[in-house]
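Multiple structures follow.
Next come two complexes, and both contain chain A; in the first it sits with chain B, in the second with chain C.
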Partner chain A sequence: MLDRLSPQNLRILALFVVLGLVLAFFATQVDNYFNARLFNRISASVAIMALIATAQTLVILTRNIDLSIGSVVGFTAFATGAMVAANPGISPLLLVAYAMAVGAGFGVVNGLLVAYARVPAIIVTLATMAIFRSLLVEFADGKSITSQKLPAWLTDYPNTVLFSLAGVEFRAAFMTSVVVVALVHLALTRLRPARKLYAVGSNPEAAEMAGINQRAVVFTAFVLAGALAGLGGFMFLARFGNITVVAGLGFELKSVAAAVVGGVNIFGGSGTVAGALIGAILVDLIDTSLVRWPLVSEFWREAVLGALILTAVAVDAILMRRLIAWRLRREKARNAARAAAEAQA
Partner chain B sequence: MTHFKTLGLTAALMLGTSGYALAESHAMTLEGGQATNMVLLPKFLGILVFDQANEGAQEAHAELANPGALLFVGPTPENSVAGQIEIMTTAATQGQGAVMLSNNAGDQIAPAAEAAQAAGVRVVTWDSPIPSGAGEDVFVAQVDFGSIGVVMADMAHSILGGAGEMAVLSATPDAANQNAWIAAMQETLASDPKYADISLVDIVYGDDQAEVSYNRALALVDSHPALGLIMAPTTVGIQAAAKAMQDEGMCDQVKTSGLGLPSEMVSYTMNGCAPEFALWDFRDLGYLTYYTAYGLATGQLTGEIGETFVAGRMGAFTIEEDPGRPGQKRILMGPFTVYTSANVEAAAQ
Partner chain C sequence: MTILKPLLGWEGFLLAVLIAIIAANAALSPQFLTLSNQINLFQLSIEKIIVALVMTFVIINAEIDLSVASMMGLSACAFGWFFQQGVDPVAAIGLCLLIGVAGGAFNGWFIARVGLPSLVVTLATLIGFRGLARVLVEDRGVSGFPQWFGDLGQKGLIGPVPFALIAFAVLFVALFVLLQRTGFGRKTYVIGTNRDVADYAGIDTGRHKMIIFMMSGLVSAFAGLLFAARVGAVRGDVAQGFELDVITMVLLGGVSIFGGAGSLMGTLLAILIVLNLRNGMALVNITGHIQTGVVGLLLIGSVLVPRINLSALRRRPQKEAT
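On to the complex of A and B.
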């Protein structure tokens, strides 16, 4: 089986191995660790990060980066909360559309500056990260959104248990995220227009020669990422209910970490959103587990998290290299055997 | 003016600072109308309690008819520590009369604050002091830090019925005020046999972010199956913890308490997730801080221990030694209110 899988699927397999190793390690360190509750915790919190990591992946695939994504999540969470607080009767679908439109609006700003004004993405989004956050501070005007202001359907939605198996709960927010990630994954692997993201990311000149409008592709990637981040903001609002101006702070780096751990090449052109989802799970799992690991003090947790992410990526890279080398050797041996057989015949 | 003095005396008696009762009859009334530019510097912008403090400062600013400017400037949330140091440094070069600082930068801000003092700026801290006291003229304490420890221990005692496990969900690991309150609570728990059956099993930090605090609260109940109470001495943390317990349907086993805003906590208090919590008035804190800083910046106050002055509608206050930080000076505001289902709805309006 190992020699049939594509490199991308191999990578996902390697990630599952690392995930298993991390689980096994913490199970030996933390009391009553490995149980259904752990799944419920991780899945509930990954529901948001998975969307944001997916958004980040779309942008990274095109050789860009979106550092403003945390600010976009924070702003949309607040704006959506303000919207529903002012219009409690608003239909859920309209509210989701509103969140995604606000997010996409920020994506348009990023996209125009990166794709058409040709300013490097890291500079554009570093600036817009601060600008969008300051806009939120202005917009919030010292108020915060509290869960009392939100309709019950909104705050109940993320924790609604769709089905459960032996205490393992599959909740609405997590399932929504999984469906969205799966749809994006299918689109990226099956749809011709979506393949343009990979083309532009792996070789922009060649893509241009092949008649792909590189700027339009990069612009679209940013707008889609904005819309997904907006959806992430909606989920953030539904889950936490209490939104202040610090909402989504630090999500930009977490989303990059999730994508990179999930095997998305930071130089563009390769990677999958399914990988990013597992990357998000891995980062969240390590983060959650570290809080419960009594050996690590609060001050060291960030450093240990960084080290574990590095280790995870390194182990993943080494496993991948080994596997690919092993496959090459097998193939060579098989070819040699076939050649020998042909020579005999 | 006699009106103010009477008010001051009454307040002094109410506060029970009997040691200074004599001095208070000579409480100085600050002269309004003198021009000095001042900066109110919160931990970061966009949090309700800091805006309330600003309202109080603006009220005092108008009352004292200061022709100078009162600026409310703060860093953005992601840049709190570096931003505070930068604003402090800028205030020195601008020649501001006073900076009123709710410190979020630990002792890292001390060099900038000392430089500001050397440039003639008076540095008054409020809400959260500079831990070492270096670079600080005086700290306006919202309540006695030691008594917060007692109040938190008492709320824990009442909620747990005298026995059980509790954990603390704080803000950032280097927030000077929260750390002092937690230490005070630990001291109270250890010193009085009344609390012998209450054990503090864990202290975690939610960085004053809703999502981090929410996840930390869940991690606490996972790590400590017998946990009965989460004590969060931060308005962000208490709300996140109460919501997490409510979402997971765990309010019957794990209660939430700490310091919170009535308007944000009312539903959790009424449904039993957070039966008791406490807080003081941030408007008053901003108001008193402004009076203190104005007095210092205009040279009417020297900032010596024992100095007494009238802070407008709030009455007389005395500069004293900070019991939590020997050698440093503080002005004690107090008191605070404990909210329960009996009074939270009225306060939330």
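On to the complex of A and C.
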């Protein structure tokens, strides 16, 4: 198995194993650990984070980074809330489209600056993180969105139970996120145009030689990431209802953390959206479980999280190096054996 | 000199921007040019600008340290914790600085020895160091530090000039000499330009990176203590989010995010620009988030503007040739 599975799939397998180990560990530590509330709490939070981690993954795959993602989530959450408060009769689909369009608009700004003006992504998005946030402050003009201003269908949406399986409720927001992430994952693994993201991220020059319009690919990645972040903003609005100008603060680093734990290479070209999803779940699971672990105070949460990210990345890097070396040795031995056999014949 | 010319041009541009901002501020408010406002302007961001000096080394070396603000928080909270445990404040200061060096070495080890990208390692320690700070003080605030400690942070040491500002000046001169006049500084540029070449040239690049991250940790811990002294109280969220302001100042100063280029003079000019710009905006009642947005615009502009000039220059000789 070790010499057949691709590193990507191996990683996803390993992440599932880690997920299982974490669950098993806390089950022995916390009384009544597996209950419906555990799943609900994590799925509610993952519904937002999975979208944002996916958005970040698209950008990181092309050797870039989007630090403005938290500000985009905040702005779209607020703008979407203001939109629905002003037009309570607006159709839900139109509202989602509005959120995604606003997000994509910010993505266009980032994409133009990175892909066409050739300013490094970290500089552009560091700046637009601040700029988009100050636009939100201007737009909000000292007001905030409260859940009373929102129509009932919107605030009910995250809690709507689609179906339940053995007492575990699968709610609408979570399922929507999972479907979106699955679609992006399928596209990235099966569709030729989507594979260009990997080509550009692995080797921009080679991609250019192969006839790929590098700039267009990077631009598209930023626009798609913006649209996904916009959808994340919609989810954020639906879940919390009360939106202030600090909405989504800190999401940029959380999304990078989820992607990196999920095995996305920060230098681009490798990683999967499914991995980023499991990364987001893992980060959230540990976050939620530590609160309930009586042995340590809840103040250890962040310290443990930092250690987890570092361990995940270090172990991944070391094991991958070993795996590659082991496969090379094996291949060499096999070739030598074949050569010997041919010589005998 | 020919190599220095573009650099002089960049610094000249920053200087022009700075003079324009100072002139505008002086015209806007008669308070601006008073000594107390000038000192106050530095005091309000003194911790960030001190860390920006050492961040210049990190980025020229083609790395990044996102954990600086969390280290500031950890050092400030550790000081509060030691103080609560009854440790002598002077000893506590020494211990906090040691924590800084140790944290920097921790980052450096994963980056230089394990070979992980600094963006990822310091993102993890950004979360981890902050977490340790919270473990130390939980959700409490610690205050009631000795009188001399608070005075050091708030009062003038030489005339009206406070200790932190003197420390900034001394650190600037020391680091300027180190970066621009010593072999260590040259190595920082060489490794930042091309680590492989530096390795083949016999430079112990791993050791160099370790030292730079330890410097970064030490200076951040020092800045955290300054924060504790200036504010007179510490909480778990001390200095949260400062890392992005620090990095913005360094990049605005013309330090290349890809390493190998930039100077401390550029960083100093960018620091002065950001401080004066924020101060001027505060004088006309523009609030924090908008101020940060304007600094963001300036950051993008600072990278875009010289690029447009360059491409115009490149096109011209081509036209003459045809």
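Just so we're on the same page, the second predicted complex is superposed on the first by the 300 of 345 C-alpha atoms of A that agree within 3 Å, B and C clash if a C-alpha of one lies under 4 Å from a C-alpha of the other, contacts with A are read in each partner's own complex, and residues count from 1 in each chain.
In this text, contacts are C-beta pairs under 8 Å (C-beta built on N, C-alpha and C of every residue); 3 or more make two chains touch, one makes a residue touch a chain.
Since we're looking at a predicted model, the values are computed, not measured.
Colleague: Let's test your reading of the overlay: on chain A, do chain B and chain C clash or fit side by side?
Modeller: With chain A as the common anchor, chain B and chain C collide in the superposed model.
Colleague: What is the contact status of A:V315 with respect to chain B (first) and chain C (second): first, second, both, or neither?
Modeller: A:V315 sits against neither chain B nor chain C.
Colleague: Quick one: is A:R133 in contact with chain B, with chain C, with both, or with neither? Answer first, second, both or neither.
Modeller: In the superposed model, A:R133 contacts both chain B and chain C.
Colleague: Identify the partner contact of A:A82: answer first if only chain B is touched, second if only chain C is, both if each is, neither if none is.
Modeller: A:A82 contacts neither chain B nor chain C.
Colleague: Now for A:V260: first (chain B), second (chain C), both, or neither, which partner does it touch?
Modeller: second
Colleague: Which of the two partners, first being chain B and second being chain C, lies in contact with A:F299: first, second, both, or neither?
Modeller: Both partners, chain B and chain C.
Colleague: Quick one: classify A:S45 as touching chain B (first), chain C (second), both or neither.
Modeller: Once the two structures are laid over each other on A, A:S45 reaches chain B alone.
Colleague: Tell me which partner A:T288 touches in the superposition: chain B (first), chain C (second), both or neither.
Modeller: first
Colleague: State whether A:A117 touches chain B only (first), chain C only (second), both chains, or neither.
Modeller: It touches chain C, and chain B stays clear.
Colleague: Does chain B (first) or chain C (second) touch A:N32, or do both, or does neither?
Modeller: Once the two structures are laid over each other on A, A:N32 reaches chain B alone.
Colleague: From the options 189-197, 225-233 or 297-305, pick the one stretch of chain C whose C-alpha atoms clash with chain B.
Modeller: 225-233
Colleague: With the touch criterion stated at the top, can you tell me which chain A residues are shared between the chain B interface and the chain C interface?
Modeller: Correct list for chain A: 130, 133-134, 136-137, 245, 299.
Colleague: Which of the residues in chain A end up touching chain C in this complex?
Modeller: Against chain C, chain A makes touches at 65, 67, 113, 117-120, 122-124, 126-131, 133-138, 245, 253, 256-257, 260, 266-267, 297, 299-307, 309-310, 313-314, 317-318.
Colleague: Using the touch definition from the top, list the residues of chain A that touch chain B in their complex.
Modeller: Listed in rising order, the residues are 30-32, 37-38, 41, 45, 48, 130, 133-134, 136-137, 140-144, 146-148, 155, 159, 236, 239-250, 288, 291-292, 298-299.
Colleague: In the complex of these two chains, what residues of chain C are touching chain A?
Modeller: Where chain C meets chain A, its residues are 64, 66, 110, 114-117, 119-121, 123-132, 134-135, 138-139, 236, 244, 247-248, 251, 257-258, 287, 289-297, 299-300, 303-304, 307.
Colleague: Over in the complex, which chain B residues touch chain A? Could you list them?
Modeller: Contacts found on chain B: 44-48, 50-51, 76-78, 173, 204-205, 208-211, 214-216, 218-219, 222-223, 225, 236, 239-240, 243, 247-248, 263-264, 266-267.
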